[in-house]
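Chain nomenclature is as follows: A, B and C, assigned in order of appearance, with residue numbering initiated at 1 for each chain independently.
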Amino acid sequence: MVQSTGSSSARPMERFRRAAAGRTGMLVALALVLAAIVVVAIVKGVPGTQLLSLFVRGVLLGGTLALGAIGVTLVYAVLKMANFAHGDTMTLGAYLGLVVVTLLPKGAPLAPFSFGYEFLVALLLVIPAVGLIAFGLDQLAFRPLRARRSQSIMFAMAALGLAFGIRSLVYIFWGADFTFFYTGRARPAVELFAGVRVRPDQLFILGLAVVLIVGVYLLLERTKIGKAMRATADNSDLARISGIDTKRVILWTWLIGGGLAGAGGMLYGLDVQLRPEMGWWLLLPLFAAVILGSIGNAYGALAGAFVIGIVWQMSGAFINPVYSQGIAFLVMIIVLIVRPEGLFGGRK
Amino acid sequence: MPLLTVERAVAGYGEMQVLRGVTLSVGEGEIVSIVGPNGAGKSTVMKLIFGLLKPWEGSITFDGRDVSGTAPEKLVRLGLSYVPQVDNVFPNLTVEENLDMGGYIRNGSLAEQKERVFELFPRLAERRKQRAGKMSGGERQMVAMGRALMLDPRLLMLDEPSAGLAPLLVDMIFDKIVEINRTGVAVLMVEQNAKKSLALANRGYVLATGQNQVDGQGRDLLENPEVARLYLGG
Amino acid sequence: MTALHLAKAALLAVPLWLLLSSVMRFKPSWLRHLASLAVGFGAAALITLVMPTGLLSYVTTFILMACVYAVLSVGLNVQWGYTGLFNIGIAAFYAIGAFTSALVTTKMPTGLNASFTKQLFGLGMPFWVGVLAAGVVAGVLAWLVGKPTLKLRDDYLAIATIGIAELVRLFFQNERWLANGPQPLRGIPQPLSCLSGDGCGWLPGFVNSFFAPLAPRDYPYIYVAIVALVLYLIYRVLERAIRSPWGRVLRAVREEEASAAMNGKDVAAFRMQAFVVGAVIMGIGGALYAHYIVSIDYSHFDPLNGTFLVWVMLMLGGSGNNRGAILGAFVVYAIWSGTSFVVDALRPALAAISPDLPSRGPYLRLLFISILLVFIVLFKPKGIIPEEKVVSLDRDLG
């Protein structure tokens, strides 16, 4: 075979780009980013335990992010729509949870956590409630657009309208200030290992997130409706042709997506705080996770959420934490430029 | 009484008319082939029958009941099945999951139906855990047809089953169609490969510019020199 | 009619004249302008005489802000209406234009001030330099942002622009050395403010005496004429541009990307040009805003005021045409301001429901605007002034 030996500078560049865009290239790049963060942190004199703590915090945050990211990616998979209202759906969940917690008679905290039975009751109520509300909003705002085969911008505008509408309701009822599920409760940290300190609440949050995610996995893989959702996401016309009731599929998509978002909002509120902008500020990391994990891919969203969470927390070691969200954004931009189909994509 | 009749169907996309009055019928257990030049409206007829389009005029009757414009989800329950020309598998689902989707509306086990599909297409049995999107054109067509057979349909509609397949596979697919028909399933197919499809059809319709041109027994149409010259491409 | 009335009427005549001469279409243009000026002045005089001073002041500031928003809306129209670029980060260009003009036109703080106000630079340049600089810097930002992101599809471009806007906002909020963030940057000079003060040295005497009756608080009358003029110039330039070959290519790019590419035009370059042009206009809008408000900080450019409102304006007015953009700006700003009155009037009722409620008035208005947007999307997606569309046929027949 004749090998041309032309040494135009374009050739190695092109090969490098193609390699970088390949899946392994992406993974290597991610590993390099993480390594770079670690190196910079060490150079700046950040102690190892703190780095490790931040890593663990990143994993915890990733679990919460995953709840939102899976919802975003499921809605996209089935309905082919980027739901910009998803962040504020999480906000809605958090504040509805706050309503329940406030209304119920206050019980003692369930040691070693800082929350009481009210929080658990709130979770049980909020998850289906937000799922149903999300479905209701879809029927009101998005279904007519689907029937009309509107352009994607109409969906985005409608979603933005819903997002700001939800947020304005929160502002109206609770004001602009931040608040907590439980004020004035001690939230001591325990040592996990090697000097890494986490709060028991955070372990609960991660645990619950894992439980919910496993639940979604089982639903998608083992149940009929889950398979119908995957089929509809794969080829919606053929799903119809096979007799799958797309209306039910859409209902379950919103129930799951909205429910997870509601849970994610409550958990985030428990860990950090509640404020009306909380969901909107999570929108960017959510989409970064989803895009990194290939939009439409639930497992990718899970992986992406953990990566984003870790990068977000760890970069806070040496840059102003306000901007560490910007790091997530940067990762997303890099993915979009180099390999827009994400880590797991193979679609055109 | 025929299993399926289409009476003077007029339909189109948006404002553009494609069918200008098409009439055809399929009897129980028959193989009927629709042929004709490109743009004749052959695929449109299929989509119309299967409820993916609504007729502007005319009617469609299946098994004695009027199904004009009925949604696909309902037609599947009546015993009608459809294999589109493109995008006819779930690419990210395995072969087995594709078949599961075909039998979705049935409660209970689909094992028996799946076995029958695997008997019909042994190649698929070997590859049941493979993703449908990664299979060759011929294998994909088999998956597509297998999916459509999962509910034991009375009428199987195929839109250009041999499209894009190598000649050897074309023969194989047509053999399978005959085999399927022998189990009592009526077949209505649209085909570009007019010669081969008319050869195995009981009856055929020649469509052009959205209208019936000629129809008759498959063999007769094949041997009709006029038809051959105008529509069968020599 | 007092001298004060006359002065105010002369200034109010400017936006009216520009509006009339845009709406009326007869030629020759000098006749059209003359007629519009005459009618405009007449109408302005009438309004000035009849309306109570307070209301007149309010109307003037309303027209002023509506014009600023109209500039933003027109800029968005170039990006979205003409080229189909989905920019949800308007606030970024708005903010950067405002801060650039502020930095260019203010002087570096000295003495006691220097300990309160930190800024990167202060050139003390005149207003129009600030405005131009604002446009240029916004354009540069657009170019930088657009390079990696414009080739992405709709949803991704939207997310990227949201991200950019958030980053810009964070920057101006946290980087004290840049523009005194989060504290406001004050003392932004107002062009021709001397006219409503002691008189402008560089203007002839009779001009100064004509406007002498104006007090500093009447400055908005002067500024509304300036802003209306800038809006009009932008409008005329764009109207000319979209009828040019360049504009036709833009529309082709939006409708039928594949065939525009096949015509040999560099689609990516045109998208970038539209993105940059739109951003330049938004930057100018930001500068106009800064010189009116005099004191700005990051919170003026939040997603609501900076981005959301402008999209509602363009969607309501009708994207794809500049008149729609301007009309939408006025209508939505009227609704937005109107809700403020409604909420004020409802104060007692609100307070009866809950003592916290009256202070949350702005959020009630936000709720209203959000619902309005959803209504527009569902029931009037083409807006009030729809654009004529050319339907392209591309069907796969079976």
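By definition in this document, a contact is a pair of C-beta atoms (placed from the backbone, for glycine too) under 8 Å apart; a residue touches a chain by one contact, two chains touch by 3 or more.
Since this is a predicted model, take the numbers as computed values, not measurements.
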Central chain (by mean CA position): A
Chain pair with the higher count of C-beta pairs in contact (A-C, A-B): A-C
Euclidean distance of C-alpha centroids - chain B vs chain C, Å: 58
Distance between the centres, which are taken as Cα means, of chain B and chain A, whole angstrom: 43
Centre-to-centre distance between chain C and chain A (centres being mean Cα positions), rounded to whole Å: 35
Contacting residues of chain A [partner chain B, same complex]: 224, 227-228, 230-231, 234-235, 237-245
Chain A-touching residues of chain C, taken from the complex the two chains share: 80, 86, 88, 148-149, 152, 154-156, 158-160, 162-163, 166-167, 170, 173-174, 303-304, 308, 311, 315, 356-357, 359-360, 363-364, 366-367, 369-374, 376-378, 381
List of chain A residues in touch with chain C within their complex: 82, 84, 141, 144-145, 150, 152-154, 156-158, 160-165, 167-169, 171-172, 175, 280-281, 283-284, 287, 291, 320, 322-323, 325-326, 329, 332-333, 336-337, 340
Chain A contact footprint on chain B (complex, rising order): 50, 52, 71-73, 76-77, 82, 84, 87-93, 97, 100-102, 104-105, 147, 151
